[in-house]
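Common to both upcoming complexes is subunit A, partnered first by subunit B, then by subunit C.
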Partner chain A sequence: MKNTINKNIFIRFNPFSSKSISPTLVIVYFLMAAFFAIKNPIFISLKNYQTIATNAPIIGIVALGLGMVLLTGNVDLSVGSTAGLVAVISALILRNTDFPIMVVLLIAILIGLVIGTINGLIVNYIGVNSIITTLGMWAALKGAAMIISGGTIYFSNKGFQLISKGFAFGIIPNVLIYFIIIIILMYLTLRYTKFGRNIYLVGANSISARAVGINVKRTKFLVFLLSSSFAAFAGILLVSQFAGAAYNYGTGWEFKALTICIVGGISLNGGRGTYVGLFLSLLIIGSLSNGLTMINMPIYWRDFFEGSILLLAIIIDSFRVKNFKEDT
Partner chain B sequence: MNEKLNKDNLKDKTPILKLKGIKKHFGGVKALDGVDLEIFDSEIIALLGDNGAGKSTLIKIITGFYTPDEGEIFIDGEKVGNLDPKLAREYGIETIYQDLALFNVLDISANLFAGREIRKGHFLLSQKKMDALAQEALDKTGITLGSTLRQQVGELSGGQKHAIAICRAVYVSGSPKVILMDEPTAGLGVKESNKLLEIIKGLKKAGKSVILITHTLDHAFEVADRFIVLRSGLKVGERDVSKTSSTELIEMMVGSF
Partner chain C sequence: MGSENKNLKRGKTGFGISNNFMLLIILVIVFIIFSFLDKGFLTLYNISTMFRNLVVTGILALGLTPLMISRGIDVSFGSNLSLATVIIALLYNSGLNIFLSMLIAVLLSTAIGLVNGLIIEFFNLNALIATLGAMSIYMALALVISNGTPVGITSDVLFKLSFGSFLKIPIPVWVFAFIILIYYFILSFTVAGRTVFVIGANPIAAFSCGIRVKKVRIILYGLFGLVIGIAAIFLTGLIGTGSALHGVDFLLPSLSAVLLGGIGLSGGSGTIWGSILGITIISTIFNGLTVFGIPSEISKVLQGLLLIIIVSIYEVRSKKIRE
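And then the complex of A and B:
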């Protein structure tokens, strides 16, 4: 069997190759940006970047948590409903009580942890498939959000709105800063800590991981906590951005976050992908929605468009894994 | 049961590994039905048996991957309850599984240190130290891979993957006491098989013990001191290498005596 390191440029930039997807993503972004910029020059204005940077990081934070679950070989489809439920509950608390912002934030994260614990226990200690478990949770939380909210809940708390609407240094949206802090933390965790290494080992081959003494169940459990609490945080950011919550907040987020992860090179099979790719992917997907608005694509076309991209990403992902020749 | 064994010189020594009455079943299938075993240092045991005899199951119990339903395990004379893969490694039991237990999508360094990464403190990885030791270990294994440590293991050839698994169990592990090998020469070419047998002999010289599952009796005769034959979950015999023949061993494996 040949054993050479392929420096061939077509392998490096080939989206079907099993090597890093980042160079490809950079090219895709520039092509896309060029396309939108030509059709509507407002696309590359500072104001527009600020718009993107106010919306994209919120779904980006959800993707950061989801990515950890994907890396271990599971999936978490409940993130959208988690964000939605937390949004509704937070808005309710803010409307009806005087709790300080920090307390509400804490409650939100706590709710996320509880949801993550339930998901994690069912998937890893009872043994139910993660798709089914988190799908059930998706439905349950959605229903709960509907029951609790029954419509739109408004509140007004300037301080709270500043968490999500404020601009550091006057230009950079706060949410972008939160996102950058979290992505750097996750990147460092994955690359430089034992926990991060365990995540990759478990995702790459959970049986081998067990054979070398890793606590597979615990690793797979813990990432569910991350996923749900990040989704909860995103829910609070959403509330603070819109000064209110409706029952349908977070709808479709699981698919968007999944798209961001898969386009970013995080394989559905687990064990592969870096957060560098995820960052670039967010750049692309985040700008995509904005760009489609800029070129006036009708709303009902966008779902179709974004869904197709997810499908395409999944297909390319499966090619990248198959491209891997196994000899034994 | 006729035990033609020269146990006189081993009588007073404590076995590094002792299994007593090990039973294991999977659903209705009895994989092991009461197996006793003793391994001493500096010896090479060939574990023989037909398919389904229970050899792999026994290995997986020694390595902590399975928990026996009944029976006791003693390491260096001390009883060990709740053996798991991590604990087994700490006791100096290393394993090369039949499917190698590698991580195809991860790189060579990650594979070599899987589960026992070198750390600064409790949480942070020492990638540089691991890479340096990885290179040393690969050199000791005596195989040139012609690729960087960042190469994905899945892209290596079968023989190279075996080399990584061996390197991990023998050289990266520090000082293993017992090394279990489940069909290590299956799928290896002649040159590579011979190299492996040399490594096994070297381990014995270094005072370590090896339990070898193999279907190739030639290889077994070349390196083993003792044969242990399993059939249908039971140990049907133990023989000294000098006091038996292929014919006798095969008869024990298949059950025509």
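And then the complex of A and C:
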């Protein structure tokens, strides 16, 4: 074998996709869309798709970050509270100061990075279980958002609102563009860079990954940064959409993003899943809430339904992991 | 070789005294601090009120303890609790006898616990994540049934149960003590109780010994559901409402209490008394915070931070012991 050391960060890596979940997801989506369309034809109108495309990508961005953490075998439950805290802080800044939009955006991402650093340090360098850590952060950040906001915060800054409310070419919502850019970047990272390959290997078998020289702790640490900063970005988008923030923004996002990831084929055990699946899964879950509203399902039944989907996805995921283990 | 074993013995801290004793010292310190800050702290009235309020958290932590010792976990207990309170309130308000309402709620919460256990053990799911999913389902169910609004309930029986006293000690505390004794007896002196420890220490070895690991765990989940129902009775009585939103407030305190008491997530060791001390410490601290007017938002932040700190301390310590 040739004795070369590859210093290039770009490599070709083909994630195992022997049993890709994507075809199933496509079928599921069309079945679901057909069902909703029959019950309420407004579902397949352009206006409705625009509505979906304005709301779904925001949680989709959160799921993109969370997916990276899941791939390494950890969980990040603090994403919802992170988004909420960032939303509240950004709204405060926008109302009380004259900072340009870019500065506010940078501050938001910075907050996300700080939170991600804390999460990553505690999970990877102290060694606390990621669920417990991020559960604690979930509560702490939520409380912090409550303290800082003291109620709803409104502001009016037309330029800022355009960030998420604007439409490119008049019909495609801006948030969808952001989402597509980010998902393409993430997909390329996962598939063609060393970092992306490391994520998969660390998630699949961290001991072997360590044995081949991958810095497991650093990889696992970095994905927390991604997850929290994506959540922060989503928080900004939310604030921009509603021209204000309340402390309960982002509530329940962690479950929704988790559902999107698991349905998209990202295994809870780590190391499995592609972002193609995640995209399709977002399509399904994003349209689901919209569709359930279209058929007039009462609001709390919707929560129950979506919660059941999460549990179902977890169960199906455990089967897929078992099957995969039997294959190898 | 010998000194390594001595350090790995259950309950040993880095200081050479047992874990529970250390917690007892912490509890005494907390009590001393609070009695300095608040003149009326050490009165019988205050202590009994404090204990009355910590009963719900305490019962929950008590039920969680054997489950976590056996390496299981269930974080959906907050939603289970909420659902049970809603059931009690709704059934009673629709005319059903209060005792029947309570019985049905307890049966339902037990059933939910069993369902949790069955799903987790049958499908071999990661208990933490699966019950996380279950948590959102049961909370949604509670919201559906109560239509999103808290259901007020006024019942003399419930009031007397929750606020009454017998021999100057609140009735809920009697029930709590009773449950403590039952758990202590079963865990320490029966074969069934000891198998819980074995399962937690080494599930594979336990299975090889013929212990039906899955069956025992399912029973523990169900038992947890049972105590959740009992806790729900007192909760409904204490706050006079059945609400889908209150349960989640108990998640962090009860979980932190059990973790503080030395029941690690890896199971296998721990005592009931550790959990009791954990509950008392945490409840005293947060009760004290409320008394001093610290807003609930700050409490929430502290709860989250405390959870992380507790687990971190244990994690760092077990790393030190391993070296």
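In this section, the second predicted complex is superposed on the first by the 306 of 328 C-alpha atoms of A that agree within 3 Å, B and C clash if a C-alpha of one lies under 4 Å from a C-alpha of the other, contacts with A are read in each partner's own complex, and residues count from 1 in each chain.
By our rule, a residue touches a chain if its C-beta (ideal position, glycine included) is under 8 Å from a C-beta of that chain, and two chains touch if they have at least 3 such contacts.
Because the structure is a prediction, the values reported are computed rather than measured.
Novice: Looking at the overlay, does A:207 come into contact with subunit B only (first), subunit C only (second), both, or neither?
Specialist: The first partner, subunit B, only.
Novice: Looking at A:66, would you say it contacts subunit B, subunit C, both, or neither? Reply first, second, both or neither.
Specialist: Neither partner.
Novice: Between subunit B and subunit C, whom does A:280 touch in the aligned arrangement: first, second, both, or neither?
Specialist: neither
Novice: Could you say whether A:194 touches subunit B, subunit C, both of them, or neither, answering first, second, both or neither?
Specialist: first
Novice: Under the stated touch criterion, which partner chain does A:88 make contact with: subunit B (first), subunit C (second), both, or neither?
Specialist: After superposing on A, A:88 lies clear of both subunit B and subunit C.
Novice: Please indicate which partner A:176 is in contact with in the superposed arrangement: first for subunit B, second for subunit C, both, or neither.
Specialist: neither
Novice: Is subunit A touched at more residues by subunit B or by subunit C?
Specialist: C
Novice: Does the superposition put A:239 against subunit B (first), subunit C (second), both, or neither?
Specialist: A:239: touches no partner chain.
Novice: After superposition on the shared chain, which partner residues are touched by A:271: those of subunit B (first), subunit C (second), both, or neither?
Specialist: After superposing on A, A:271 lies in contact with subunit B but is clear of subunit C.
Novice: Can you list the residues on subunit C that touch subunit A in the complex?
Specialist: 75, 119, 123-126, 128-130, 132-134, 136-137, 139-141, 143-144, 147-148, 252, 255, 259, 265, 295, 297-308, 311-312, 315-316, 319
Novice: Sort out for me which residues of subunit B touch subunit A in the complex.
Specialist: Subunit B residues touching subunit A: 63, 65, 84-89, 95, 97, 99-106, 110, 114-117, 119, 122-125, 127, 145-148, 151-152, 154-158, 160-161, 187.
Novice: Which stretch or stretches of subunit A touch subunit C in the complex?
Specialist: 75, 77, 122, 126-129, 131-133, 135-144, 146-147, 252, 255, 258, 268, 298-301, 303-308, 310-311, 314-315, 318-319, 322
Novice: Which of the residues in subunit A end up touching subunit B in this complex?
Specialist: 1, 3, 5, 18, 192-195, 197, 200-201, 204-205, 207-214, 267, 271-272, 324-328
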